[in-house]
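One chain, subunit A, appears in both complexes that follow, with subunit B as partner in the first and subunit C in the second.
Right after this comes the complex of A and B.
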């Protein structure tokens, strides 16, 4: 906190220039002092030699030896990572884009295809249906996971006996592999002998074919993936909830707000950035759904769970239409980028709109 | 990339920032303190919510455990309970009817190798990006971060072509090489090094120690938590990885346990006890590691969003 003398000055400057007070604060600190406390990455590289000359000894913050030596050591340290990430992270992006304009069967040399792959894609009913199905899956999976995670985090964010056991129960599915999840749920939801149908039958409720039924298969996949992801969402929300200052809620309760009211009206709005992050992250992962579908239904029955990545896999590695699959991957990439951009944009608009 | 807010969180509840203590520190509001204390003495009503909810979460896993110890006849009985006698034979049957040991070994080799290389390479790169200023470092770091945005499905086909070109398709190296270093690990360690005071290294630098020497002798002792996080994250991702091993392996002797399990499932489609035993075995290493290092799992997941 600044001294009392600074407050009046800061206030008047803020009023005059109409910028938030926060942005003025760093400017008020003396330059040298401010730099010492700053993140080192922000130091201007060109400034360092000048400072060294001026003080006549190596800069206090900077490394003792700079220049050529640092460059060699630096590149020696990063080159293995840069080479590997370049080869398996950057080159394939470009290559995949190139592939999408080629016919490639993964064996013989590729031939040019022009825009044929993309043209086929637009007219491929199976692909278009897969896109719609993936969006439907995402539209169900993301809100359900968000809501359940929020409720679970609220329930788990208290100090009562046995909390570590409860938390363990919620987090164990997160480390369970997608294959194991798929196999276990195939058994749980087995139409004839699975636990869920047995319980439903005993309770006199209608049973379901689950993964075997074209109507229920996609929603069974939703249930299974929600089980796998809810612990993840809970974890993130829990971290967010613990960042909400307790006195805000205390203040609301003094003012007569009920505990539930304080949760929905104060904590949940304060968690908006966490919700934004989770929405983006869950959406990205939902659009890439593959493992669980491969293990449980293989896209069936009657294409009921044929999502984009499963179709892509089938085209590339079962039918050997690698160029066509690469075009699909490009479209997927674009959809993901678009959704991420839209959601961050929405979240930002919502948060600034709420404040002003 | 957006980062979740908090990093310090562990399952034991030790890191919980109790609202009670915050309020107690505020002058004039001490009288609030008694409320959380009274709650703690009385059994909380939240147990009524949490017990069924937790049970719902663990039912699939308990059901897996129960089935893996039952006979096929017992699995058709209702209500499903603890089986009369524990049929460990399901486990030995899964072990002998498939190269399960080989699959587990493959997974272990691939995961452990990737953990080791990630720890070394991410530390080096993270340190250089945090502490050294040199031409190209910002560009390189930016490029590494940019790869985080790309979905794996885009990389998959060209990566397979690269692996084919290298002549290592359908082998353990094909599973290892793309995972030798992860951008997230570099990012995490860079962030860690930025939080360390430079003074730690200065004395050693003035004494003429090299950067490598500083990293090994001065900083390594401090790097326990971030290295554990990166290690756990890598192990979890590589052990549970499915799509890439599915694409690049075809013969049984190089399969990881996840692919093995999926193959095993197609072969023993209705033999649920044996299948559940196999599933359980495939998860044992991750579960054990999870129980041993919960806090690192939690922090790695909360920090990176990788599951």
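Right after this comes the complex of A and C.
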């Protein structure tokens, strides 16, 4: 076993001796904590009968009736939200699904289309290319954003003077309007007058057409969206990092672990649930990419940035093929559901089945 | 088309955040954000006037002018009331109007791009104006031919012209002087234009002779059309059933663009964010093909001239993209009030007031004969060429529902050539196939 691994093992044991595991990250056990996890499991088992006894008090009907009343009150309290979400979330989803089986131009009476819209989709080269492009975008955008967010969070997770200013600086892109970001990036990346190309030329490097080049446009959009999302990722990671107790790191350092070692071997594994959440969140957003394309390239040049939601928008609101666009929305919904399911599944496997 | 890319409008129309709940809510998002409506039948008395709404995308001087004219109407017609509502920008006027129908909340009168006419012509609530304009009092022939054609779909008059424009050549006089190039004339040929653009280009100072909007949208297409028409070609066949641009003329037009953009590198390719106007203002671009709406955005330190487009064998024709008012039926007296109001608003005397306030070109030929027209010319010296250039509008874009698809195919054709991704003939062939397929699906 390598020394770093040994440090991790010892570090976590030291942690266990000082803080109850459960207060760190309930239900999740980082690698190298096998025994701690087993102890936890035993403790849970020991508690279980006690809980059963408490709730199973015989001869009293009160709690049952009160439970029903609680339920009603609870439902009453959340009903405004449920109603609103139902109205603005569920109804459109269902309506969109119905629409996908129609020929509908949003103006004249719709006619039934059966599965024609879905059949057309399979043969629509532009749509298939848009799906591939969206997946490529997601495959680049998500890991890059995760890594940069993690590094930024690590850099910001310390006590130095003026830290709040730095943290704010990282978060500003998140609250900046996409339109403003789009205008700024269009000028920065302008092939003839942009700052980036000027700097590249001064440094003797090849320049690029960026948004104007069919080869570079998608990656320019990646750069712009990463810039916009890193602040969000950093915020979440920072919260996660601050939840890692100092004792764990301290213990690792007592055991002779380097700072970098403690970061990659202890903090990053402890952040796994945070990474899992961010991955799902960023993936869903990446698959729904629209705003940034709308304000910069409008799907061009030559479809180079024509992602699924942009193509959907164009079909629905420029060509008024609403039924066809709704079919696309359904397919995208299924893709997102599938990818999200796979990711949560993977994350769970990694956190529960990763140990042996 | 006549989009007015004022910065504020641009931001207002493009600043759309889409909910992250599911992609499918997108379809309904615009539907829920209903616009317009708000009228009432009333009893047609001063106490309870018949109220109609007009949705528009006017900003700045135009917004002030329409507000003042509507005020005038409301004062003179106490039994009726016109309410005006800003639609958030004309770029999305069609989308919002359609959404309004879905939500059952639509305006009596809507300002629309001419290219939306065929889409909205299908709308069951649309008021057919064929009989209205046929009345001698209306004097329909007083409107320019391009306006009349833009508002006619399948022989039916679907709207009243709201704005007329055309593309003319706007140039920076100082840059021509500095480069020792003679300014454009009425007899400029394509070769003269190309040679001048080349001389006005300087890679060291990043100056370009001309700018071309190359985002593949209608903005790209409608600068290609005058070239195509001048060379004797047309976009579609007479019956609008098949593509006709895959011709010697279509090839010549694409070749001219390619020679300038790819060979000479004398053209700044705008990616669609209307950067060209800022660059023209800072003296980086010497010539633009643009409409009168850009004149008010040219800064006062730029001394500019306006000329007709360069021509092909003496043909200097240009393209016009009239915007229109479309009227939608609500039960009762509102229908007639809407017709009366728009008839009044587009009458020669009233519209000339609007032109004087805004710099928009006269809608009716008779406006140029009114005494106040001299005031207009004095106030907007650049407008004279644009008004005269209306006589150079001989073709209109096909008024068919599938025009958006035709435009997409042609836009990509031009774009692929200008980006050096395709040879002109190959691009023509591929666009021809796409247009053929788009047209066959609709017939």
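Heads up, the rule we're going with is that the second predicted complex is superposed on the first by the 269 of 356 C-alpha atoms of A that agree within 3 Å, B and C clash if a C-alpha of one lies under 4 Å from a C-alpha of the other, contacts with A are read in each partner's own complex, and residues count from 1 in each chain.
Simple rule for what comes next: contacts are C-beta pairs under 8 Å (C-beta built on N, C-alpha and C of every residue); 3 or more make two chains touch, one makes a residue touch a chain.
Bear in mind the structure is a predicted one, so any value in this text is a computation, not a measurement.
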| item | value |
| --- | --- |
| Clash or fit, subunit B versus subunit C on superposed subunit A | clash |
| Larger contact residue set on subunit A - subunit B or subunit C | B |
| Touching partner for A:219 - first (subunit B), second (subunit C), both, neither | neither |
| Contacts of A:263 with subunit B and subunit C, given as first, second, both or neither | neither |
| Which superposed partner A:336 touches (first subunit B, second subunit C, both, neither) | both |
| Which superposed partner A:284 touches (first subunit B, second subunit C, both, neither) | both |
| First (subunit B), second (subunit C), both or neither touched by A:93 | both |
| First, second, both or neither for A:322, with subunit B first and subunit C second | both |
| Partner chain(s) touched by A:311 [first = subunit B, second = subunit C, both, neither] | neither |
| Which superposed partner A:137 touches (first subunit B, second subunit C, both, neither) | neither |
| Which superposed partner A:302 touches (first subunit B, second subunit C, both, neither) | second |
| Single subunit B stretch clashing with subunit C - from 58-66, 76-84 or 148-156 | 148-156 |
| Contacts on subunit A seen with subunit B and repeated with subunit C across the two complexes | 88-89, 91-93, 95-96, 99, 106, 177-180, 183, 186-187, 190, 193, 284-285, 287-288, 290-291, 294-295, 309, 312-313, 316-317, 322, 325-326, 329-330, 332-333, 336 |
| Sites on subunit B touched by subunit A in the complex | 2-7, 9, 11-13, 15-20, 22-23, 26, 29, 32, 36, 39-40, 43-44, 46-47, 49-50, 53-55, 57-61, 63-64, 67, 75-76, 78, 80, 121-122, 124-125, 127-137, 140, 143-144, 146-147, 149-162, 164, 177-178, 180-181, 183, 186, 194, 198, 202, 205-206, 210-212, 236, 239-240, 242-243, 246-247, 258, 261-262, 265, 272, 275-276, 279, 282-283, 286-287, 290, 294, 297-298, 301-302, 305, 307 |
| Complex contact set, residues of subunit A against subunit C | 88-89, 91-93, 95-97, 99, 105-108, 177-180, 182-183, 186-187, 190-193, 211-214, 284-285, 287-288, 290-291, 294-298, 300-303, 308-309, 312-313, 316-320, 322, 325-326, 329-330, 332-333, 336 |
| Subunit B contact footprint on subunit A (complex, rising order) | 39-41, 43, 45, 48, 61, 63-66, 70-71, 73-75, 77-78, 80-82, 84-93, 95-96, 99, 106, 152, 155-181, 183-188, 190, 193, 195, 198, 202, 227-232, 235-236, 238-240, 242-243, 245-247, 249-250, 273-274, 276-277, 280-281, 284-285, 287-288, 290-291, 294-295, 309, 312-313, 316-317, 322, 325-326, 329-330, 332-333, 336-337, 344 |
| Residue numbers on subunit C that touch subunit A, as the complex places them | 11, 14-18, 20-30, 32, 95, 98-99, 101-102, 119-120, 122-124, 206, 208, 214-217, 268-269, 271-273, 275, 279, 284, 404-405, 412, 415-416, 419, 421 |
